[in-house]
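In what follows, a structure is listed as structure tokens, so that the remarks can point back to it.
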């Protein structure tokens, strides 16, 4: 290829100039350990996520004392900063030994680019096919291969409410609304009471809200059909859901675009907002603030046609060209082991992917999530890359931001979503 | 490729046998020439080529699927979308606000400090110092200050306005589709006004004393002296400052990233689009946006450089 | 950021460069009252400017000393309920390694690009060859290059030359993309040096290298001050290259700060602001200690003959 020639020609020239010498002194870049370490790239740098990682590392040190754990955590809004950085590292041929990624469509780009390796044999070796539920394996498998090992499962479609704010507005926090319409009526009541009815943050949290309303209004089959083409994004059901979404956005805080999810949750804790739709990692924020479930805060799923578990799972991969694949295997072993999953999920507030972990110790909210995951319909999250590829998600986020900022009307928004789907399903 | 230009002109020199005279200087600057040639002109060409391909997916970016040339399709596609036109409009507004703000502020400060004044150096140092701070660092605080809430839940500058009784000044800052981008220009002006001041101060100092004296002799008032004698002398400084600020505004990326968020429609500019395309593995569109930025810069800079070139030949 | 003031500037002889702190001269004011009014107005406007510059600094500064519950946007303008150094300690713990890496990146890249710039500037101003002006103009264009326009192929190029990812890559990039501005500053600086100095050396039969070494280099010290400040600040504050060519584990302080400020789930604003100040201290120190040189350099560059 002509392009490659250009590059090698250039590199030759550069070497001749002697510039490379100033960087070349320490040989290979980055990796300072030998074969006995594992660099784990995550976006778990703070709060309950960090607590979870710390708990996991404890188990890892016990199980694999001869392998050094290297923390490659990068913070930044639900991993957006980390993903950008990871992408350039993979492009630059400097992969970590393993990295965190949401299981599902988000992995497609890495797979297409040949940046991660099939880990089916690790599944067989560790007996993971029996340990994980069928519904999960299905979501992990692409063309007969499996590219990541899940450490935990989160639920994305939870409505959180501040008991105090709801009570003050004359709404009984103990009985969740029975329908989307009733929920919208409550938002009106709350607005009249002078509080922010629904708090939300920047674009990705708005997409999180959007997917929750899509799940409620379309039902499981209808929602899942959005991604394989069996439900049209231009259908009347989607129009209804988007109308509901528009109403909800109208009831949110005006400074939403400058906030991330913790700021939005904080508004419930501070008593300035009543409701917030967010994944179940938010439970840690309430606990940390000393609020008790039911008395301090309430949670329920947005009521709809089906009972739905909005699914996303954190998982770990084996990148192509990982410096220490042995370390990677040890790490995958720990995160998929019953001990690892127990310690990690207890601390992080999520639920184990394995079905054989004893969840009796888990706090109240997590118990409900375990039940729901076992019994309810499963729908993959859009906002967290389980249902859509990175490009598709970026396009949805852009269109959503354009809509909520007021640049497009509902019809144009729906048209944009339809076009995006057409482009990405091809 | 333009990068080869210097080399070929050197070949000419060798032929004409002036090796002894021009060999050493060429040798001395050849490392720089090669680096600039490769990294700037070579990559510019490479980028232009990439922008005319259909390299839109992760697999193509990694050479696992073929790439074909599609000509100007990506450019046409970009300008066909409302969103990209919005980005360009934002860029225009931002540049205008940044330019006017920094020029006016910088000029005013320089004028105030141009004549000796006790404490003058203190003001100079303070005005100049925001330049030393990275956009990432100042973004931390500007994000607070530019919070869009008003009324009871106001914080940041809106809160300050309330506290000093200037409630009417409250506004949603960058949280406005059409003009929100102007709010991002505020931190940019904050950061660069001191620099423009320094440029103007240098300009003022460059005006010969004899000119001032002559003007005074002729009985000109202070204002007349500035207006008729000194300001015209500053034209080249104005040119320089305009070019610098304008091209900086085209590059502004850190600032928007640290105050707003890349996905926010209100504050989209081409540099952010390019970043987002890149994170979606859409290298072709990313390169196309880069080339568009380059074209805009070139429209601004090339005439200026040609002017400079002619000046230096005289 | 660039200093194209050097590109073109008013011609003429140097004005009174120093002495800002001196009392006003000029034979005593004839109309004291008018003079005082004008002066008060000047101070008033200067103070407004000062306010504008200092507002964000005030918030940064006080918030960095606030406790957890105190450091909220709603209380942004109030003084700390209790002053604490915890934020600074926490910020230091998190940023210290990356500050070290920033130093390791900035020092060599600044010195190398200043050296190259000095050579180029000398050749292009005092030892011209045919086409030197075209070459200079072509180099100059690089100063205005939006790096976005080369970023994608640059990723591939750096991969192909296999410069280690992280600080080594960033050193190369800051050197290369610093060449235009450094060349410009030195060229304009040497233009201000009287031709006779160099000519004398040439007449003595000194070769180019000797002239450079014994005549040009010693008088280029103020030029170096300007270039070093520029490059230091630019490289230290760079975020774009850092995002693309390094990671939190091996990148400079801007990246670590961004991590600290935008990352945490429940952002600790006090720590972010302390971190922002901490990350800015080196460049601030350079400015405070060397701002006199910086201005002097700008001015000396601007009065090219």
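Just so it is clear, A, B and C label the chains in written order, and each chain counts residues from 1 on its own.
Just so we're on the same page, a residue touches a chain if its C-beta (ideal position, glycine included) is under 8 Å from a C-beta of that chain, and two chains touch if they have at least 3 such contacts.
Predicted model only: the values in this text are computed from it and were never measured.
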Would you say B-C or A-B is joined by more C-beta pairs in contact?
-> B-C
Chain occupying the most central position, where position means C-alpha average | B
Taking each chain's mean CA coordinate, subunit A and subunit C are separated, in whole Å, by 40
Cα centroid separation between subunit A and subunit B, in whole Å?
-> 36
Distance in whole angstrom between the CA centres of subunit B and subunit C is 15
Identify all positions of subunit A at which a residue touches two or more other chains, and write them in rising order.
-> 10, 14, 19, 77, 84, 91
Junction residues of subunit B - those touching two or more other chains = 31, 35, 38, 46, 147, 278
In subunit C, the residues touching two or more other chains are 156-157, 175-176, 258, 262
Which positions of subunit C touch subunit B when the two form their complex?
-> 1-5, 7-17, 19-25, 39, 42, 45-46, 49-50, 52-56, 59-60, 63, 73-74, 76-77, 116, 119-120, 122-124, 127-131, 133-142, 144-154, 156-157, 175-177, 179-180, 183, 207-209, 212, 233, 236-240, 254, 257-258, 261-262, 269, 272-273, 275-277, 279-280, 283-284, 286-288, 291, 294-295, 298-299, 301-303
Which subunit A residues qualify as touching subunit B in the complex?
-> 3, 6, 10, 13-14, 17-19, 77, 80, 83-84, 87, 91, 108-110, 112-115, 202-204, 253-255, 257-258, 272, 390-391, 394-395, 397-398, 401-402, 405-408
How about subunit B: which of its residues touch subunit C in the complex?
-> 2, 5-6, 9-10, 12-13, 21-22, 24-26, 28-29, 31-33, 35-36, 38-41, 43-44, 46-47, 50, 105, 108-109, 112-113, 115-121, 123-142, 144-145, 147, 155-156, 159-160, 163, 187, 190, 194-195, 198-199, 201-209, 211, 233-234, 236-237, 239-241, 243-244, 247-248, 250-251, 253-254, 257-258, 270-271, 274, 278, 283, 286-287, 289-291, 293-294, 297, 300-302, 305-306, 308-309, 311-313
What residues of subunit B sit close enough to touch subunit A in their complex?
-> 31, 34-35, 38, 42, 46, 49, 57-59, 61-62, 64-65, 82-83, 86, 143, 146-150, 153, 172, 175, 177, 260-266, 275-276, 278-282
Of subunit A, residues touching subunit C in the complex | 4, 7-8, 10-11, 14-15, 19-20, 22-24, 26, 28-30, 39, 43, 45-49, 70, 72-77, 81, 84-85, 88-89, 91-94, 260, 262-263, 266, 285, 288
